[in-house]
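Below: one structure, written as structure tokens.
Order as written gives the chain letters A, B, C and D; numbering starts at 1 within each chain.
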Amino acid sequence: MRIRLFGMIAEKAGTDHLEVNAGSLDELRAMLAQRIQGLDGIRHAIAVDRRIVQSDIVLTGSEEIAVLPPFAGG
Amino acid sequence: MRIRLFGMIAEKAGTDHLEVNAGSLDELRAMLAQRIQGLDGIRHAIAVDRRIVQSDIVLTGSEEIAVLPPFAGG
Amino acid sequence: MNEHRHHKVKDIFLDGAIDPAFVGTSIAKHATRTDIGAHEIFLGQVRADEADGRRVAAIEYTAYREMALERMTVIREEAFGKWPEMTCLHVHHSLGIIKAGELCFMVFASAPHRSASREAVSWVVDRIKAELPIFGKEMLEQGGHEWKVNHG
Amino acid sequence: MNEHRHHKVKDIFLDGAIDPAFVGTSIAKHATRTDIGAHEIFLGQVRADEADGRRVAAIEYTAYREMALERMTVIREEAFGKWPEMTCLHVHHSLGIIKAGELCFMVFASAPHRSASREAVSWVVDRIKAELPIFGKEMLEQGGHEWKVNHG
């Protein structure tokens, strides 16, 4: 599955997307922590199908997933 | 002394000013009530030197006096 | 754009409606003030109020100019006292006949951050409505007129 | 100007700064709506923030557009639910590099009376700052950059 990265997280990762395979959101979180150096030092949220999800949920691979650093609009 | 009239009070009086001689504000109020038919039915204030004065004060004749109907700015 | 700090009396009145393009021009003038982060603008538009079979076609505004400008100077100074971080405050009010759909009033405040400009605009609008001797004759579509009165 | 009542997704994003003349044009479009009495406009301007010897020259805005537009649609619908007398709500946010002194954000509400438009603008600005995935890279005068973060 393709994970979109934004802002300072994309900068940190050096790319605006990652390809990973994860069966759950917690599994994805662990993979992202490994793939993006310093991610644990950045406040961030994960959006699944355009909604921020805090808990663990099953992922089927068809979701639209994005890793979002703090917002700065306005 | 010249008394300036505004808005619906000028309309009621049929003029935008009156010449009266009054030694005090209460005396002026009584004169205005006589000179302007229906004035007692209109909420209004009297400004002396551009400030609204509610009490009775002595008038020397050199003051700038205006009779003001309700405000409608904005 | 710093003349507001002086106590001179500014003329807020203009003849006829406020042109929307004038609002755009006013905004553009602030581009050099890079300490500004927030602009808040209130605009009053003449409403074709309907009630009891009457409909407002226009409002004719008049004012006791000298007193209105003195009161406005006091309100302006108080506003800068309450919101010292405010960088600019621009106020304009129309006189003469303003048709329904046209703009008759603008209060425009700028500040580094949003809260000062927002609070100042709201407060200044309230004060102007309550304290400036401005009078409005509502001219009705079917002829005749009524006098507008601000409440509360 | 009634399309806001439908649940379609409107694009709020535009490339580059908001032209002050565009604000004027937006205002002018409301002249036919003679049920409007009050316009409230919030504009965000890029501030040349200074701290620790650094100075912001520009902000480069990016967004997760799809999510931002979905969130904005929800916010818009909630706003019309809370202020049913509101006649229009226009929101624009810049993407790309916006220089200090330029406008990057507009929230513009109109209503018959002032309270609805004023409250709606304040509430919508708060919601957008908190919920729209928009990211800002502060480009510093002396080179380098920092990431802007909205607080609270």
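Note that a residue touches a chain if its C-beta (ideal position, glycine included) is under 8 Å from a C-beta of that chain, and two chains touch if they have at least 3 such contacts.
No experiment lies behind these values; they were computed from the predicted model shown.
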{"item": "Relative to chain C, chain with the most remote C-alpha centre", "value": "A"}
{"item": "Gap in Å, rounded to a whole number, between the CA centres of chain C and chain A", "value": "48"}
{"item": "Chain centre separation (chain C, chain D; CA means) in Å", "value": "23"}
{"item": "Interchain centroid distance [CA atoms averaged], chain A/chain D, Å", "value": "26"}
{"item": "Sites on chain A at which at least two other chains make contact", "value": "none"}
{"item": "Multi-partner residues of chain C (each touching 2 or more other chains)", "value": "44, 125"}
{"item": "Touching pairs among all chains present in the structure", "value": "A-D, B-C, C-D"}
{"item": "Contact set on chain A toward chain D in their complex", "value": "4, 6-8, 47, 50-51, 64, 66, 68-74"}
{"item": "Complex contact set, residues of chain C against chain D", "value": "20-25, 27-28, 30-48, 100-103, 110, 112, 114, 118, 122, 125"}
{"item": "Of all residues in chain C, those that touch chain B in their complex", "value": "44, 59, 61-64, 66-68, 70-71, 93, 105, 125, 128-137, 147-150"}
